[in-house]
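Input: a single structure, listed below in C-alpha cells.
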Amino acid sequence: MHMTIRVAVAGASGYAGGETLRLLADHPEVEVGALTAHSNAGTLLGEHHPHLRSLAARELVPTTPENLAGHDVVVLALPHGASGAIAAQLPDDVLVIDLGADHRLASADDWQAYYRSEHAGTWPYGMPELLLAPGARTAPTEDTPLTKQRENLTGARRIAVPGCNVTAVTLGLQPGIASGLLDPADLVAVLAVGYSGAGKSLKPHLLAAEGLGSAQPYAVGGSHRHIPEIAQNLRAAGAHDVSISFTPVLVPMSRGILATATARLAPGHAGTTTRALREAWDEAYVGEPFVELLPEGQWPTTAMTLGANTALVQVAFDERAGRVVMVTAIDNLVKGTAGAAVQSMNIALGLPQTLGLTVQGVAP
Amino acid sequence: MHMTIRVAVAGASGYAGGETLRLLADHPEVEVGALTAHSNAGTLLGEHHPHLRSLAARELVPTTPENLAGHDVVVLALPHGASGAIAAQLPDDVLVIDLGADHRLASADDWQAYYRSEHAGTWPYGMPELLLAPGARTAPTEDTPLTKQRENLTGARRIAVPGCNVTAVTLGLQPGIASGLLDPADLVAVLAVGYSGAGKSLKPHLLAAEGLGSAQPYAVGGSHRHIPEIAQNLRAAGAHDVSISFTPVLVPMSRGILATATARLAPGHAGTTTRALREAWDEAYVGEPFVELLPEGQWPTTAMTLGANTALVQVAFDERAGRVVMVTAIDNLVKGTAGAAVQSMNIALGLPQTLGLTVQGVAP
Amino acid sequence: MHMTIRVAVAGASGYAGGETLRLLADHPEVEVGALTAHSNAGTLLGEHHPHLRSLAARELVPTTPENLAGHDVVVLALPHGASGAIAAQLPDDVLVIDLGADHRLASADDWQAYYRSEHAGTWPYGMPELLLAPGARTAPTEDTPLTKQRENLTGARRIAVPGCNVTAVTLGLQPGIASGLLDPADLVAVLAVGYSGAGKSLKPHLLAAEGLGSAQPYAVGGSHRHIPEIAQNLRAAGAHDVSISFTPVLVPMSRGILATATARLAPGHAGTTTRALREAWDEAYVGEPFVELLPEGQWPTTAMTLGANTALVQVAFDERAGRVVMVTAIDNLVKGTAGAAVQSMNIALGLPQTLGLTVQGVAP
Amino acid sequence: MHMTIRVAVAGASGYAGGETLRLLADHPEVEVGALTAHSNAGTLLGEHHPHLRSLAARELVPTTPENLAGHDVVVLALPHGASGAIAAQLPDDVLVIDLGADHRLASADDWQAYYRSEHAGTWPYGMPELLLAPGARTAPTEDTPLTKQRENLTGARRIAVPGCNVTAVTLGLQPGIASGLLDPADLVAVLAVGYSGAGKSLKPHLLAAEGLGSAQPYAVGGSHRHIPEIAQNLRAAGAHDVSISFTPVLVPMSRGILATATARLAPGHAGTTTRALREAWDEAYVGEPFVELLPEGQWPTTAMTLGANTALVQVAFDERAGRVVMVTAIDNLVKGTAGAAVQSMNIALGLPQTLGLTVQGVAP
C-alpha cells in the first residue's frame, strides 16, 4: 500500500529547487505539487530546467502561502534571508524543509557576523550522520555507542538543510573530532568546488568563458559563510574550541565538491597510524547507507558521487608533516543540498531514508 | 508480486559494462549476477568503477560460458568482434544482449567493408522507436499507423544494441524519411561527442591534457563504422538510396552526443514550413516515453539528457539554405548504449519498458 | 630604427578588446595609448583583464572622440551598431579598425535583414587571404595567379575585421569555390565554438554551470548573422549563387572554433580524388604565413591554434557520400578577431604582416 | 647585432619538451637545433606537437651525445633518472638545462627516499627569485637587501629546473619564511593542478573521460616527490625545520596550478594584519618581472597565467583561523617548467632574462 506525499517547492527555477525536483520526480511516494517562483512566476519549468522532462510543462506560480497551502511538505529553495518570512506563515503540522541558510545557525551572533540580517531562529539540522557528543570525546565502544542527529529528525516538522561545503568538511573531520584523535584548534580545509555551487547568479566570474580552463579561489581569508556552520557541527561532535582555515576554489566542473581537510593529532596520539585512524571513521560510518570510508589507499573523486547521495571519505596520517589528511567527495546538489533534503524528509516522515535516492554515481 | 531477473554482464570493467551495471543496480526487478572480464579478471569492480558503490566489492571472473551460465539475461559489453564466439555458446532460451557491433548489420558486405572480420550474423535490433516501412513513404494516418521495431523485440532472446551515434542520427532523421518529407540521398550529419564514446582505450589523443580545451574531429571522410548502420535504419524507415556525410567531433565533455543533421526536402515539398514539418516528428514520437520533440524554438543540449534514457529532438526548416536541420541530444552511454539495452530487455521480457530508467537528466 | 605606432582601443573591457591588447602589448612597434570603455570608464583594466599584467594598472576613460584623438590607430571593439557613429568622428588619416560587424556587409539589405539597424557603410575587409575572382572560376595557373584581399588593405585607413565563424568557414571553403571544384549552391557548415565567442554577456545559458559538460546549439535554422557575410566572401571568391546551412554549437572550451563544412562537387568533377582536391587548397595557401593545409590525413584541432594567428585546414573527398568535407580550426579571438586586426594593421601600415603574431599554439 | 644560440632539445615529443620548443621557436636569439627522442625517433615533431607549426616538419633523431653535440645549449626533457647519464657525456662548456628532477636535490638521502635511484648530484637551481638566507631571518632593509638565487645562475653551465608544484608553493610561502613572519614547522598546501602536469603517460585516470567533470587527488599523505624540494627551498630562504602537508588535486584543465598554502604566524607576530604581511611579499618581489603580488583583495586564477611566465601571488591573514593564507597561480608548463628554463638560460648566457617570454596570459 502506498502513501502519497504532496510536496511543494518554493524557488523552483534555481539550481537547488531544480535538483530537488529531479529527485522528487522519481521518488516512489511523492507527488509533486505547487512549483513557485518570484520573478519567474508565470513561466514553465521547462524553460529553466529542460532536463526535467516529466515536469517541463508545469507552470510556476507566485511564492505565496496560498499557493503553498495544502501540501504535506514544503521545500524552500529561496535566497538566504527569504525563507524566514514565508516559513512563519506555514502551518506547524506541515513539514517545511529550508535549503537556505536561514535556520542553520544556533548563534544569532554568528548569523549577524556572516549574513548581516535578522536571525530567523534555529531548526533541526538536516544532517542525519552528524555525530553528537557526549561520549564523543572518548573512542566509542559497544557500551557508549555514537549518537547521531538522525534521531532528532524523526517526526520533525521543520528541517534546516546543511550547506554543501559544510557537509563535505564535517563528514570528513567529525570522526576524528568525536573520537578525540584530532585537535580541532588548527584545522585547514581547501575545497575544489563545481560552478553550480555558486548558484544561477549572473556574475562575470561565473561565465563559462571565465571558468573553463581556470581555477578561481573565492571568499579567501575567513569570510565564507559556511565557516561558523562547520564549527557548530564540530562542537556538536565534541570539540571545544574550533578554528578552521577554509578556502574554496572554483574548478571547471558543473557539480561536485572535493574537500581536502588536514588536522594535527590531539595530544597523546603521536604514535598513531593510518590503520588505527581508520577505525574511528569506520565506526562512525559503518551501516550508513550514504557515507562511506573507502578501502585503504583509494581516494575519493567527485565523479564517483555525481548525481548520487553519497559522501565518500578517505583518511591518512602523514607522519613527516605531522598532520592527518582527510578527503571527502560529494555532489554539492545531492548530498550537499537536495539529497540531504529528501533523506531528511524520509526520516521525518518515517519512510526508509534511502527512498528515491541512489548510491551509484553517474560516471565516467 | 516480484519476479527477479538474474543478469550477468560480460566485459564489466569497460565503460559500456559499467553503465549497464549502474542501471541494473537500481532496477527493481533485477539481481546482478556474474561480472566477467578478460585481463581484469580477479580484480574488484570498485577498482574500475568506484562510482558503483553497491557493487564495488564484487569480484570480476573470467569471461567463460561457465561463468555466464545460470542467468536469465547475459549482456555482452565486449570489443567489436568478440561477442559472436561467446554468444554461440549460450543457450537459446537465455536473453543475450550484445552492446557491441557484431550483430547489428544485416549486410555481410557492409560488415566486411567497415569491420574487416567475419560477419557474426544479425540479431533483432534494439531500437524500439525505429520506424518501419511500408506505410512509411506516405504521411501516416489513423488508418495506417506507424509500425516500429518495438514489436520485433517482444519475446526476443537475442538483441543487438545500436551504436550511440547511430541512435542520435536515426532518431533525428527518421520521421522525415518515413514521411517522405526528406530526400535521403544527400544527408549531412556532424556530431559533438563526449570522450566516453571513445571507450576506455589508452591513446594519446584521448588523454585529458589533449582533450581539455580542444575540439578534435576523427574518422572524417566517410570511414566511421556507424555509417552503414545509419543507412540500414533509414532504409528500414522507407528510404531507397541513402547517402550521408558523417563527421564526429570529440569535445570536452565526458558524456553526451549532440547530432546536427541536415537534409534537403523531397521533391514536391518545396512550400513547407517548420510547423508543417513538426507534425511528422510529433506523430512519430507521440506517446514514446524516451524520445521527445521539444517545444518549437527550444533546442536540445546534451546536459538535458545526462544520465537519462531520453533522446530530445528539434527540427526546423531553413528556407534560405533550402535545408531542414534536425538536432538530437542523447547520453551516449544511456539511450546510446546501456539504457537502450535495459529498455529492450524490459520489452523482451514483457516488463514495462520504462522500468529502471529515468527521463530526468542530471543538470546543471 | 623603430617606428612607434600609437594605438587606442575603444571597448577595452570586453573580450575582443582584451585580446587585442594582449597582442598589442607584445607588438614590437606598438605603444598602447588610450583605453576606453562605456559603463566601465573609471575602472582599471586589471579589474577586467587581470591576465594582461603589463597594462593592469591602466585606467579606462570614456569612449569619446577626444579620448581617441592623437593616435595612429584606433581599434573599435564595440557592440554591433555602435562603431558607425564614433568612426564618423575620427580623422580620415587615422587607421580605424572595426572589430564589430558594422562595416562588413556591402549589401544594406543584408544588414537590415540580419542586424535590423541602419547600415553604416562598407570598409575594406580585413581578411588578407580572401581569394578574389575573376580567374577564380578556372583552376589558377602561373599565368593567372590568384588575387587576394591583401592588396586592398595596403595603405587602407578603414578596415572591417571579419566575424570569427565567417573566417573559419570562408578559409575552409574558398579554395574549392575559387577553383570551381565545389558547388556553392548547397553548402553545410556545423561549428564547435568556445564560449568566448559569445562575448562577455551575462546570460544564463553562458554560465559555467550550464556550459560545463554540455553541448548547446544556438541560432539554428538560418538566423545567424554570420551567414550573409560568408555568402559575400564566397561570391567574392567566384561563386554565383551561394546557399549555406549554418549551425554553431557551443562546447565546453573558452576559445576555439572547429568548423566542419561539406559541399558537393561542381558538375564535371565527379571523378576527383582527395589528392587532386588538395592541389587547390595548396595553391590557395602556399606561402601564406597564417593559413595552412595540414599534411594529408592529419585533421585540425582547436588546441593546435590556441593563442596563435593560424587557421589550419584539411580537406577530403567522401566518395560514398558524394561530398567534400573541409575542417578548419582557429582561435576565435586571434585569427577570428584580434589577430586578424593586427595582421591587417601591419599590412595597412606597410609593416611585415607577421609582426607581433605567432604561429605556435599554446598546447596541450 | 644578434648572437644566435643553437639549442638542442632532448625528449622533444613530451609535454615539457614541446613547451620548451614553443618558447624557443619565438625566442629572438635562438636557433632550434637537434630534436631528439627515444621511441619516437624517426617521426616528425608535427605528429606529436601539431601546434608548433614552424617546427612541425622537423624530424626527431635518437637521443645520443653525437646528436646533441655542436650546440650552445642542451635542454634535457627526459624521464626522471635519465638525464644523469646523458649529461655526463656533454662538454662542460655547453649549457645543460635539466627539466627533470635528477639534479635538484642536494640531499642524496632525500633523493633515495623519494626517487629510489642513484643520486646524480646537484646543479645550480633554476629559480632566479628564490630568496637566500642569511639576512633572511630578519625583515630585510636597505642595508641588508635580499639575496636571490639569480646571482648563482649567471654564467652557469648546468641548471636544474624546479618542479612545477614546487615553484608555485615556494613563491607563495618564501617571503613569509625569509622575513620570519611565518612558522615553517606546520605548513599546509593544497594544489589544483591541470592534467599536463601529469605528463603524457597513458594511464586510465588521465583519460579525458575520467578527468572531465571530476576532481581527483593523488599522491596524498606525504608521498609526493616535490615535498623534499619545497623543504629545501624554504630552508634556503631561512627556515630551520620545515614540515609541510602537501596534497595535489587534478582538476579539469589542461594547464595551470593554483596553490593554496597556509601557515601559522611565527611567535611574536600575533598582532599582525594583512597589510603588514603584504610588505614582506612586496619587498621580496618588487622589480621582479615574472613574480607579482596582486593588488590587495584580488586573488590569482590560473587563467591569468596561461601561456605566460608569470607567478601571481596573494596573501591574507585570517585572524579567526589564526593562519595566513597564500594563493599562487602559475602555468605549470611555463613558469613551472619551460619558462623557468628559458629565463634561467637567458640569465646564464648574460641575455635580458625576459627575452622570449611574456607576462600576458592567454585569457579568457
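Per-chain numbering from 1; labels A, B, C and D assigned in written order.
Following the convention adopted for this analysis, a residue touches a chain if its C-beta (ideal position, glycine included) is under 8 Å from a C-beta of that chain, and two chains touch if they have at least 3 such contacts.
Quick caveat: nothing in here was measured; it's all calculated off a predicted structure.
Homomeric contact chain A/chain D is classed as same-residue, with over half of its interface positions used by both copies.
Summarising the inter-chain layout, the chain whose CA centre lies farthest from the centre of chain A is C.
A separation of 38 Å divides the Cα centre of chain A from that of chain D. Put simply, the C-alpha centre of chain A and that of chain C have 47 angstrom between them.
Of all residues in chain B, those touching 2 or more other chains are 15, 195-196, 207, 209-210, 212-214, 252-255, 301, 303, 306, 363-364, listed in ascending order. Against chain B, the residues of chain C that register as touching in their complex are 186, 188, 190, 192, 207, 209-210, 212-218, 220-222, 227, 243-247, 249, 251-256, 258, 260, 262, 264, 274, 299-303, 306, 314, 316-323, 325, 327, 329, 363-364. Residue ranges on chain D touching chain B, taken from their complex, read 15, 194-196, 198, 200, 202-204, 206-214, 250, 252-254. Interface residues of chain D facing chain C in the complex, by the touch rule stated above, are 15, 18, 22, 25-26, 46, 49-54, 195-196, 212-213, 254-255, 292, 294-295, 298, 301, 303-308, 310, 312, 358-364.
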